[in-house]
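Chain lettering (A, B and C) follows the sequence in which the chains are written, and residue indices restart at 1 in each chain.
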């Protein structure tokens, strides 16, 4: 292998940046690291619901990638990867072919709005808050809605794996509407493919079912669980069981799949099959971390659901992958990697909850679920702390 | 219009008296106010369950209407209205025809015991606590029951709208039986057409379901929800699903309808259709307040239920109607009336609960549900305070 | 009747010893008391789950029967009763026939492992903790399991009446696995014929359903209620509904019946039918106390379940039976006996719960359910106290 190994990383978010910084820390000049990303800035995705509420501006939660990567001696190519050739070990963009000794797929997911007719903000009738652009669009819809309020539906269609944002969003709009003294003008319905409230795609965390049912009851938000959506019209969601619920504003999470450039390297949904060190099961010089990774859900649910992958999990995976690549390059044994755990801070508008699940999938040695306003402060504090940390590449700070 | 408008009010309870006092306060000598009522006394209906338990005597909770109305210069006709002619604007009794410029229907409901064979204290086998006479009869049945205790069933049949009294009653007898150390001789079953305990005909109030389920479990009162009654025999309630439950004492709430004298002015159940100012939708000089008013339930339930109307709601309606009539007479714009809210104190025997729902029907800006012995004291205090207040016509005191 | 009545007691546990001591106290030299028991020691059965966990050694919870009975002047025959002839009033063993004037059946139950193919530690694949021998065997299985952990299933098959030990056991292994930091390697499933968690065969105690559901959720133990088992294989439990759950360790409670020697004196399950004084309904000189007694469950459940009989209940029954026999012998009126109540301390590994139900079967005058670490201390203290007390025959101490 060349004295300086060429490592190409697809993606400039939690997974890509953490991998890049960790590899630099482990390998210093033994590696030539390149980040390829179509976005020119890092977006702190957990704060996107707050952008949709107008509680954050885009500048508050983004950092130009060039500012982050250049000082560290990491090359940044601001282009979209359109393909990967695993046999010749090249990443393909519209303008160039980038050869690699190691490839790390940290692209995150593609959002599959085509899963349900009428789903999504572009060709459908529902808002989404999974990208900055969507969150900004959702905020405009919210401002229009406030001028003439009416019924709201929020939720997750069949096949969704990332259930957290709809929960955060519905609690935030309830909080905001009460502040504005117009909650009584807005019937809110929460619709989900989870078999019960608080399942979160991971079979629940301790008594999350009870706690979340109580929270929805106390806020008088109507819940429909274990349902699949037939279609969305401009002002109605139609469930497969025939129920029709009108709306003036709808926000729904879509299912996810692997992105187009690496779909052929993945399973039937384009997610990358990896071993416990996050190495591709077939191509030994390809790794994957974060949402791009194929992970089986802990249990089959009546309506299909997937396993969520949080920023915390992605960072854990990225550290393990970087350590493994560094060991490979320096001729050491690959590290023993523990199944990934999760810590998650869920905003609830007026309060927040912390969830800890180690490992993510039951049975677990450790599981916690606590709610309280202190976790709201913790969440707000963590946002600033993480942005400060990622700007400096300080991945090893606690 | 005549210098002194003739206003006739049907009913001498919360709605009728509040309307009368408020009209007098607004209009003084510009109105000639007459209250027509078959009863000769005001009955503080919320205390009727306590009469049935022997915790109150009739004199404790009644005031002669003549004592209340005469000092205020309000005419009292102690006769039953048998009809109303809206075209000639006359109220008809057995002895006279009473012409009006404005009519206020504050009659309360008729009790429809015929809804289920065997229902009711007169021609059936179940007690009721919706009138003073019934509550006294129920108390006698209770005393007989204590001599030879056995199974008790309490509840609400299909079509009921006023769910509170059976809840109060079942908690009170549980409390009383424990005091007497004979609770273990009395299996108690609570049977209701509500889809779940704590629904109350209004889709629940915050987590009323959870709280009430726990209360029934802690008291070991068996619950059957979402059921309809086929018939009552002298010692058994037979449900439509075939279940038969024996009893030595049964207390059941009946469905309600409009009273005979005004049935022809109402909807298919005889309830009066009104606008947001409680003015009849067809006859502009007829108003209605309280239980006589037609109000749609917030949601269709599997077994039919109706929307309860509490004393608090009736008083709110009466104030709005009086203000509108006064505006009409004095040539002012009718007031803007907010949807009515509810505050309710539910006795639970050993403790009590307060419920606040504004508006009554979801979605709500404000909803509370709290239990504690302090609300028991509040309820007992409120009884005395209200009786003192109504005797003096002080409708504007907080 | 002879000056000194011959009383033979079958069984040397809670029921047999309490009856023997009480008869001695009432009758002194007017009775000739013999205890017949195949075991040579008293076993404090409530501590058997702790033996299975290795938290107690057999010596900690047993006392030789000879040591207890001899000093009191009670004859001890350490033989198995093989039959009873009620007409000639004789107990039959392999070696002798023992004539009696009064017989007390305090044998406890036979365990019916044949109820489900593959059930039980001898001819099946599941552990049990209802006898000392089983608990010791279960402890060995536990030690093997810890070397190579995997899925655990714990529960109660159809027809079970004694539901407590599986609850204790599942909480104890959860606690122990967390202490050992290997809980995440052990999926635990709790399978029961109860219609809901916390039913316990007695229709629940206050809000035992809610409290137990929360406890299982907080410990992330999966629950399957209202199910019947088709069969056990060496590594799988197969439910009647087709569900198959793999296991490396299984502990299941079996149904119970009357023991062979007295089966012909009982109902279709061999349980002895008695009146309110625990006298055989047909043979007036035969009494029965404890699990051997026929008691109807409080309600029919979808999957058959029976009524549990605890040590506390057995002691209460034994006192009443002894008092009745003593009255009979001394020519007095039989005492008035109240329906038996129950106090039960349930270990939960890290904590414990106290249950009080008076009477056992609803409706009840008194019912409590409280959890807390103090009840764990109480349970541990009670074990020592009871063993100290029974050794000295001090049945009248509180």
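Heads up, the rule we're going with is that a residue touches a chain if its C-beta (ideal position, glycine included) is under 8 Å from a C-beta of that chain, and two chains touch if they have at least 3 such contacts.
In this text, all values refer to a predicted model and were calculated from it rather than measured experimentally.
For the two copies, subunit B and subunit C, the CA superposition rotation is 120 degrees, given to the nearest 5. At the subunit A-subunit C interface, residue numbers used by both copies make up under half of all numbers present, so the two copies contact each other through mostly different positions. The geometric centre of subunit A is 53 Å away from that of subunit C, both derived from CA atoms.
Among all residues of subunit B, none touch two or more other chains.
Put simply, subunit A touches subunit C in their complex at residues 204, 206-210, 339, 358-359, 362-367. On the subunit C side of its complex with subunit A, the touching residues are 178, 181-188, 213-214, 217-218, 220, 222.
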